[in-house]
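Worksheet for the structure shown next.
As written, the chains take the letters A, B, C, D and E, and residue 1 is the first residue of each chain.
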């Protein structure tokens, strides 16, 4: 796969389809890959990597890249193509400047899950069938890929690309029974007090580093209201529980109907707060109240908060656990 | 026996200018009382109510927030309350999801002719919020004296 | 019949038919269109009105319910989606579900057949008798 | 820091009896920024206003808070008073301590405390108020009327009468619309043509009115006072300027077999035609679908015959761009074609006709020259059955019909029945009805005459089945009052079919960003108080496009719409509500969220160049709000995630300041 | 050298907690270690290190500085400082312990930060030598010995139990106070443990990381290097690296309007933020390249310039594992330093 991608990237650079390729660059321990632009074949040969740890959703970088001009080729996993479409729908990127190479994905590994298995001192990771062989300073270990699959990939909603100019690997299907709302349902089934304690436990760890916001492909505001002193609600630190709640409620609300459920927020949270559960709640609510809708599926679709039905559910009827 | 001070909730009511604020005026001119704990903020339309305002009210010490607008279909701006309805549906659902008492928030459609409904709604809501007690789950201690 | 029983019978008919009798605007198109009009004591629009008034007992006692051919013309043509045929079917079922309350026994049917009887009527006749 | 003056009104005892006004004045006087605070018996009185104006002058006030009755009562009064003293009117805020305090609370301490809090909230808001100036936009002093039926004609004439230019765009070759097809009008039974055609001539002769016949609206841009409309003039292959309307071509054209739409297809016309004798403009039109010359290139009879040399087979559609200050939708209606009702036999029996077809069969200019003959064998019908409510008043779930009452059918059926009985007394006429609805001046009297004087048989019930047997229409129907099923042998069956908005209305509404209901009738700005205006500023409604109505109602509404248009065009400039949305381009993402919730289409996007970091420039898509179109609802402000969109006069900061003041511990 | 048998660990904690607050790493609901106040039943985490560093104890993320109370037009200034309480932090690793010296050099030199100083004076730091360092560890590069951490008391985990050595007066007082639970310890056990750790340290993938080409006097050489652009290209501009970093020390002072007055507080700031050191004229670092460069130049050049060569990084590796896009100081050092 990696080699095929490298080859195509090299060709696209050579035939002038693009002047740079957005992909992932090797790090020190296989899992620590950095999104990077490759401008020459040499750079590709030296640094390009794609494997089970190439997790970052590259679509958001296109906002910046479109402003830089030229033509960009980008590798997008199925879930990333939803984000791409959403950015298109919101006029944040220019389709004609971008060459999308869809790449098949069977889920990414979460290095934290590796570590939870007691694996430390990692020096190398190799794929071997359905397993990873992990070299550590304490010896080699083999783990099943399925055991270290990132949470977001366990509940993957789609292996089908919503958009691409060309595809590498086999196209998958939209997964209707992904089970991605299971945890939301579990929370809904709790009593309000239990839910309150759950979320306090999670959100109280927030250090307001903004990683969730800054990685989010839906959060592309020129300036976030929380950074804008003139908004009257700017915050630099979650000074107390209210501000923790405020930031995350408003962020979820601002991406409601726009979140593509790519899971980056939870992936990058240094405190491992399951932030995607907030966004998924809204996705689930929208599905329940206003009919199935997944942002990024169809860039021409009208977003749920930008339309209405005369007989929409009333807030009083919907506020509870069950409609 | 010690005299325990009765809990009086703070309630913010966002009322649209065309229907509900007029409904409140009618309640007033009809002398239909509701608790003084309810304080009204006039907005042009229910669709002007930003979730930020609602959270802000809780932060600053409100114990309940109610939004009142024209009945669906009667919006002065034709569609504002429809959008407001979706927004509040989602916001309230999220508050509930975070374990914040859902009874602290409410939306009611009150026309300019429904002074009685305005008064009844505010009486009911004030009673509900009073029964819930002080807002603790969305409080900001810095704003308390 | 006591008030409660009357109400229960009505509720049962409304539930099993799924018909909203209040939608009727009394245009009479169902009756105008009914091919079995001449055979009937009560006619489709009266069915609707009687059910609305809760006169299930009176309806159930009428032979009219077995005169309906179940041709569904009234349902097809009703501008208000009231579907009188469903009401008739519901009342009929409520009658024949009573043990031994069949209007006819299956063996009596052949004797009643005649050449002019439309095929549809024969088929629907069998729908009216319990298994 | 503002210099704020606070004025507490006693409202006689209305406020002062329950609120300790002195205590309120004193407490609010201590608030930051308040430099003057007083109470007065009647603030709205001349002397109360003088008190306020004196204080503004003496204390150099920059903001005013009046604690009094509802702002809906006297906000304008106090703002005007402040303006007279040179203070921007939008620097005045009202705290409603009458309707919201004194009138609903009994306890003085409690009421006083609440009054103070509401006063504080108003002060907090005034601190953030900015002087607002109503914007102005010029008004193009010309109106467009879409549709040339009686509604459009009346609207155009009234506007022209007031001295403004009007254009009428009519998609057919002539104006006149449905009324031109009607024989007589109820309840007076005067001839429709006799009252309509003079108006059509007026239109043609009026120098202020320009008719674009055989034309359609292609696109609409702009906003109230400043619309830019592209009109497509369809090629009629006849030069309008040259054609004299002599009609020789329409008599000599060899293609005779074209269904005549003016006569509802009951007879035929030529491929080149003038719809009817009194057509305006009286200009021939070639129907390219039937013209032999156009289809085969061989013929050219009309060209040879035309003395004026008006025939031009090569004519193309042309687009005309025109500017308007106001647009009136008068797109009208069509009677529904009842082909979906198999049981009524319209599709299968020639002698089952719609009411409008009957109009043509009774019209002197119609296919039978005014003698009522049934279509199949051209014989006099002796038994006629009328069926009411065909396709009207259906359940919302019913796919065949419309949920509304078409309103005019009861009356025109009574008219038909009466006219037939008058002219052909040997005819039996049955009318099957569900209800007879006659609310209108002299309407019920008219209907009663049909029954009492003319002996029309009104039967409460519906027709279930119409079958043709040997030239006889076998009608099976219910008579609900007698409980009988009737079997009538009829010669003619007339269906009073539902009216439905013209098919073109939907696309026109989209172009106008005017809203429509589920039945494709235009929505009015307010069902009671603004019935002839669309919620979209500058768009007005005339006639059946807004809902079913008869001729007198249509004409009234047409004149009302004209009055609204005249009111708009009479202004040189439009003052806009200054409390409109405003986009901060530095914060705008150009994501279009705001545009999607704007009911007025007031938001547009442009690519603009901005300074980027380190001397770079970048082009960003940003929203801008047209203040002339924005009505200030604020929907966009909440849709905007970046907070770029804010509402003047009700800004995020202002509302939050009020929240803060109210909730303050 | 004192020894605490494993069995008595909880008694030891209880003894400390009896007189003051004791904080130690505890696993949270996600299985990650964070400092929590000890109370009966709380188990110490086995994790190598906490997600957030121990700097929070002396330099918390938010801290009230003063208050302005307003009543009508009257304003009153209130000093909100209260006497800090004594506390002990247990289980601090060598890297974090080294970070305190860096923070001290900023906050305890003139002008002394009284808020920081008070907390520092009231805290006792018990460090714990590392037994199983991770691949992201590189403290050794900066001369920090994970097998022999600094602190008021140093502890080693050995088979027999915990070996404890007081390094300061505060440390001695702590061991004094808990003397009843302690016995004399054996240097040899400590040395064995240290040897084992050092053996692992040598094998770590980043053990050969070098500071060559970095440090004192390199500003001119490094400032305009083109690699800054490529290195920072993927940076999201979030504050994760700064907030988990034990040596990042920047803060912003903000006012919070409570409705009745103003609470003036300070909170961590991040040089990665676009509004960092925002001034009236705008921002001094307009693009992410400049902000990114600032962070690493500060750690690797500017700070050493001002502190006699000490680097502003302690090699804890938190930014390596936490950066959303896996860009970090090691990648910067490898690109900018070394052979270049």
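Descriptive notes on the structure:
As a convention for this text, a contact is a pair of C-beta atoms (placed from the backbone, for glycine too) under 8 Å apart; a residue touches a chain by one contact, two chains touch by 3 or more.
Model, not experiment: these values are computed from the prediction.
Here B-E and A-B were compared by C-beta pairs in contact; the pair with more is A-B.
Set against the C-alpha centre of chain C, every other chain centre is closer than that of E. Centre-to-centre, using mean CA coordinates, chain B is 35 Å away from chain D.
Our note on geometry: chain C versus chain D, Cα centroid distance of 47 Å, whole angstroms. Between the Cα centres of chain C and chain E there is a gap of 84 Å.
Within chain D, residues 597, 639, 652, 656, 660, 663-665 each touch two or more of the remaining chains. With touch defined as above, residues shared between interfaces to two or more other chains in chain A number as follows: 223, 225, 233, 239, 305.
In chain C, no residue reaches two or more other chains under the touch definition.
Contacts between chains, counted with the stated touch criterion, involve the pairs A-B, A-D, A-E, B-D, B-E, C-D, D-E.
For chain C in complex with chain D, the residues that touch the partner chain are 23, 25-34, 37-38, 43, 45, 73, 77, 79-82.
The residues of chain A lying in touch with chain E in their complex are 27-29, 31-37, 56, 61, 111, 116, 120-123, 136-137, 201-202, 205, 207-211, 213-215, 223, 227, 236-237, 239, 264, 267-268, 270-272. Those residues of chain D whose C-beta lies close enough to touch chain E in the complex are 30-32, 613-614, 660-661, 663-665.
Chain E meets chain A in the complex at residues 28-32, 34, 48, 51-52, 61-62, 132-136, 200, 203-206, 230, 233-234, 236-240, 242-244, 252, 254, 256, 265, 267-270, 273-275, 320-322, 324-328, 330-331.
Put simply, chain B touches chain A in their complex at residues 51-52, 55-56, 58-59, 72-73, 79, 82-83, 85-102, 105-107, 137-142.
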